[in-house]
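Chains: A, B, C and D, in written order; residue numbering restarts at 1 for each.
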Amino acid sequence: MPAEITQLLPAAVPLSWYLVLSAILFTLGVAGFLFRRNIITVFMSIELMLNAVNLTFVAFSYHLKQVDGHIFSFFVMVVAAAEATVGLAIILTVFKNRATLEIDEVSSMKL
Amino acid sequence: MDALLFLTFAGIAVLCAINLILQTHPISSALSLVGVMGALAVLYLLLGGAFIAAVQLIVYAGAVMVLFLFVIMLLNAQAERTTSKPAIRAWVSVPLLFTFVILLASLIIQRAPAGAAVRFGEFTGGSVANVGRALFTTYLLPFEITSILILIAILGAIVLARKEI
Amino acid sequence: MHQLWLIPAFPLIGFLINGIAGRRMSKTAVNTAAIGSVLLSFLWVLKVLAGLGSLEDAYIERYFTWIQSGIVDVSFDFAVDRLSAVMLLVVTGIGLLIHIYATGYMSHEGGYYRFFAYMNLFMFFMLTLVLAANFLVLFVGWEGVGLCSYLLIGFYFHKKSAGDAGKKAFVVNRIGDFGFSLAMFLILVTFGSLDFARVFEKVGPMAVEHQAGVITLICLLLLVGAAGKSAQLPLYVWLPDAMEGPTPVSALIHAATMVTAGVYMVARSAPLFNHAPIALEVVAIVGLLTAVMSATIGLTQYDIKKVFAYSTVSQLGYMFLGLGVGAYDAGIFHVMTHAFFKALLFLGAGSVIHALAGEQDLRMMGGLRKKIPVTFLTLFCAAIAIAGVPPFSGFMSKDAILLAAHHHAPWMYWVGVVTAGMTAFYVFRAIFMCFFGTYRGTAHPHESPLSMTGPLAVLALLSLGGGYLDVPHYLAPVFGGEHAPHETSLVVISVLAGAAGILLALLFYVIKPGLADAVSRLTGKLYTLIYNKYFVDELYDAVIVHPTRDGSRALLWKGFDAGIIDGAVNGAGSLARMIGGGLRHMQSGYIRRYAAWVVLGAIVLLAAAAGMGGAR
Amino acid sequence: MNFYIVTLIKTGLVAAVLLTFCAYLVWIERKVLAHIQLRPGPYRVGPHGLLQPLSDLIKLVTKEGVIPANVNMFYYLLAPFLSVALALVSIAVIPFGPVVEVFGVKTQMGLTDLDIGVLVVLAMSSLGVYGMVIGGWASNSKYSLMGSLRSSAQMVSYELPMALAIVAPLLLVNTLSFREIVAAQEGFYFGVLPKWNIFAGPLPQAFSFLLFMIAAFAETNRVPFDLPEAETELVAGFHTEYSSTMFAAFFTAEYASITTICCVASLLFLGGWHPLWPAEYGSDFAPVALFLGAALILFFHGAQAVKARMWDRFTFPAFGVVMLGLAGLFLVPFLKPLLVPLFWFAAKTGLLIFVFIWIRGTLPRFRYDQLMRFAWLTLFPAAVVNLLVTGLAVALTTN
């Protein structure tokens, strides 16, 4: 590896980099939620936000030298899986009833 | 080396995430999300979370996202049509989001523990044995409740997927 | 560990079985569950008592911490000492007999399983009450027996009078419970604990309050509670009405066990009362007044169960008199003997009623001696026991009380003696009206089945011989062993009073039947007063019930509820509607718009956090 | 830098061997199937068709790569790449033998050894779905789409029992590293019965092995679970629209994953490179005896060659000489510690692969609904019960 690059970069990654990365990913998730109109994509944006949060958990787990953060992200994954199951089933039902995946067309509670 | 790896995979994650919101076709978005997840898995490895990295791939990338792809293909979802509306919304939302991320980042940098740094290999508490021990002792109750949650989710999905609704 | 908890647990299991599955079970199965559970409980009591030996000191079993909050630290404990040992034997023994009796008595009634479920539940709560090692556990049992009493009085809930009687008992008991609750709070504040052992340990070194103080207040409040449960003045009014319940209930709950809970509680709190002589005096006077007043009412009643009900109130008065004059052991002794003969009286009365297909009026009976001989014989045993004929049980315990009363204040003795005479009179009046003379009714009397006469016989034996169980001596370690000196003359006088009562009854109702009416006409107004129970119910109605009801209706309902509360509720509703009307436009149904609001909120929060600076 | 050089050498070696083996696996499969059906199989290209894979390769590469109209080009090209890449990644965590010393360099046989090797294999196998899904979707054909839906559902469903079947032996060995798993299976009961997981106490994992193999058949889309490529009934599947090299890539991916999964099975259940019987009883000479026997048979057949196959007179003895040479290699003292474990590992894996082919020649195909019902109503509950029983046995015997 060229010496210049090695000198340019810190020997160890500051914790805040991870946290800022997480913040950026989270914001991108929010942006996806706000800009995309396809329900499935919106749903995926939520998954992105969850992933961003998981990164913070794991990063703090490293910082505190405790395994608890991993457990929390594990639970987040489980919840995400359950959420995906039910959410996708709902999307299927919505599509069956309204023949659309546009989120703005699903703005009323009744048909 | 650490920083290089971090920057590489953080870059991949951010690029994939941007691609997620820029692509109009849901399949492309889904695959971008898989990319984000893969990159995050590598970052978890760097943070000493071997188990959580593997689970990230197996559960998230291997199961949840496959489910998404599945539904997209089943519904034959098409790319979003462009409409005239987003212009106004973008004027409001983009500054809002920029404020959000800048505030968040400044808060993080302001309050992050000074001098805290991540060196690969310094923390090995995320091995399968450690996670398993914590999961089956300290977090036994949440863990068991999780199983109930999953059961309910399965039931809910089955009920929703029936023909009559 | 002697597993005390099993004692109440058995009836609880019986209750659960009958309560949950009883509807689908045969009568035999219900009987097995109900009687079996009580029998097991009784046997377990015997085993525990045998295992515990002499019981000089209380034996305590701790189970778990119940409430822990600030100074309140209550654990769920059971304890047995000699006092509760006597009560345990009485409750489970009499309870067992009455359960057996009830299988015969209730055999033709609807809601058979329900009856036994309630009875078992009652046994559970009563045993909890007796076993309690602190005031709060005792209170649990206390409330529980109140509940069961309510349920069982209103057992024939389709009859309005039964439902009303149940409610009356419940409400009157609440007044007493209110006093008990206040007493518990005061105990907690004063002694920092509700444990009997801790409280009595702390009260020991305190000075005896010759002037009213906090202990006196506690004791008076406890007395209020006891008066409610044990039907003392002025809260006795519920007990006569409680006779609406099935007769076994009257025998078990409203004669033998529950109503003596007040006596038990006061005796249990003896160390407190010993430090409050004023309260003790009040206890004695309340007891005496109750005894006299209800005895006079008993003289004039025609309903056989009412007669015995007033008799119960009167006898409870005796017990309180015993407690009040410091003869706790005599009081508890009388609790036991009274449980024997009064249970017998009620069960006998039940047998009579059963024989006459539901007739309760003494004027419609007569001459039943030949037709239902077993019932007559057993009832007669009970009557001579209660009338204080030596050497039977009533004589023993009543004399112990009277002697102590004389030792305390002679006038109390004399009033007691008069009451004893009246007791003998009204009991024998009932016996004579029922079994002698000619039959005045219409039904065809028949002797009761063995399941009923069996318990009657056992109780008769206990009524006659129960006095030889030397309870006061046994209880000496609990209350201290000072006894009033034995004075033969006093004993003779009280026996004579009893004999006079019996003879008078004989004269009035067997030899010259018309004489009673003549006397009642002669006394005129007084008789009417007594016959109508001193118009106490009417008085309570006029002074308490009506004003409360009218006041509630006018002020609380029309004024406060309809005006202020409803107004506030409606106002809140319309306010919410107004605000909602404005905010409704935010609820567009467009999820992404909601998300934008959330983001905005998050930004505000973050900005606030950033504005606070590095504050951690 | 020593590490990088050694790793590069090993990677090259493994890749070369694996890819060659995959190519020859096709030849082996065709030969075995042919013999099951009493045919000679490939025979024309080279002696006994040994050059057939090469000619197949030339054919596939030189064919025109048809790209159907209106496909999503990026994903269409990505899919085969993804398939083959993910299939090859798993081999990186699989050890082939113990730590050895070659030319003074101490190294392990295998590319790397992770603490979570088993999880990596699982993860890669679950990511393997993407190749199919994307390929089927990008082809812009309903047959492909249906096929990819079918196969992804199948893969996701069978992944569960497979993972559960893997967990049961892991309970016995208490580690997720393949090397340690194999190490835990060293030794013999009563001096003869190997302590492999299918025999090991407290609960022999033979049933888990069975479950794992069934799920492995489904994961690799092999008969009787080869719905994804049922050309005759369902117009094949996700690769219907693929041709030429891209088709070859899918093909390679499938054979690579068969190889990987058989390696995993022998590592998890069959004791890896540990011999079937102790060295005291001459297990080290088993390869010599085997290759000698093979040579003898070849010589015999060469002598017996019929007129119709004149070349056999020369080819059989030639192969016999090769076999003799192989047998001789196992007698060279300094190669022996290197080759004997490798032999045992290869023998077990090879046997399992033979079983794959054998089954293909024997069983008919499942119908799709039967396939899914079998996964969820038979295999999955069986795996759960198996895991619970194993866990109970382990819990009762430890401490």
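In this section, a residue touches a chain if its C-beta (ideal position, glycine included) is under 8 Å from a C-beta of that chain, and two chains touch if they have at least 3 such contacts.
As the structure is a computational prediction, the values presented were derived from the model and not from experiment.
Asks: Name the chain pair with more contacting C-beta pairs, choosing from A-C and B-D.
Replies: B-D
Asks: Could you give the separation in Å between the centres of chain A and chain C, each centre being the mean of its C-alpha atoms?
Replies: Taking the average C-alpha coordinate of chain A and of chain C, the gap between them is 67 Å.
Asks: Please tell me the distance, in whole Å, between the geometric centres of chain B and chain D computed from their C-alpha atoms.
Replies: So the centroids are 33 Å from each other.
Asks: Just how far, in Å, is the C-alpha centre of chain D from the one of chain A?
Replies: Distance between chain centres: 36 Å.
Asks: Hey, how far is the Cα centre of chain C from the one of chain D, in Å?
Replies: Each chain's C-alpha centroid was found; their separation is 84 Å.
Asks: Can you tell me which residues of chain A touch two or more of the remaining chains?
Replies: 30, 34, 37, in rising order.
Asks: Got the chain B residues that touch at least 2 other chains?
Replies: 51, 55, 63, 67, 74, 89, 93, 97, 100, 104
Asks: Name the touching chain pairs, please: which are they?
Replies: A-B, A-C, B-C, B-D
Asks: Of all residues in chain C, which touch chain A in the complex?
Replies: Those in contact with chain A are residues 588-592, 595-596, 599.
Asks: For a test of understanding, state which residues of chain D touch chain B in their complex under the given definition.
Replies: Those in contact with chain B are residues 75, 114-116, 119-120, 122-123, 126-127, 129-130, 133-134, 136-137, 145, 148-149, 152-153, 156, 159, 163, 176.
Asks: For chain B, which residues are in contact with chain A within the complex?
Replies: Residues 1-4, 6-7, 10, 13-14, 17-18, 20-21, 26, 29-30, 33, 36-37, 40, 43-44, 46-49, 51-52, 55-56, 59-60, 63-64, 67-68, 71-72, 74-75, 77, 80, 83, 86, 89-90, 93, 97, 100-101, 104-105, 108-109, 112-113, 116-119, 122-123, 125-126, 130-131, 134-135, 138-139, 142, 146, 149-150, 152-154, 156-157, 160-161, 165 of chain B touch chain A in their complex.
Asks: Under the definition above, what is the set of chain B residues touching chain C in their complex?
Replies: Interface residues on chain B, with respect to chain C: 89, 92-93, 96-97, 99-100, 103-104, 106-107, 110-111.
Asks: Give every residue of chain B touching chain D within the complex, in rising order.
Replies: 27, 31, 34, 50-51, 54-55, 57-58, 61-63, 66-67, 69-70, 73-74, 127-128
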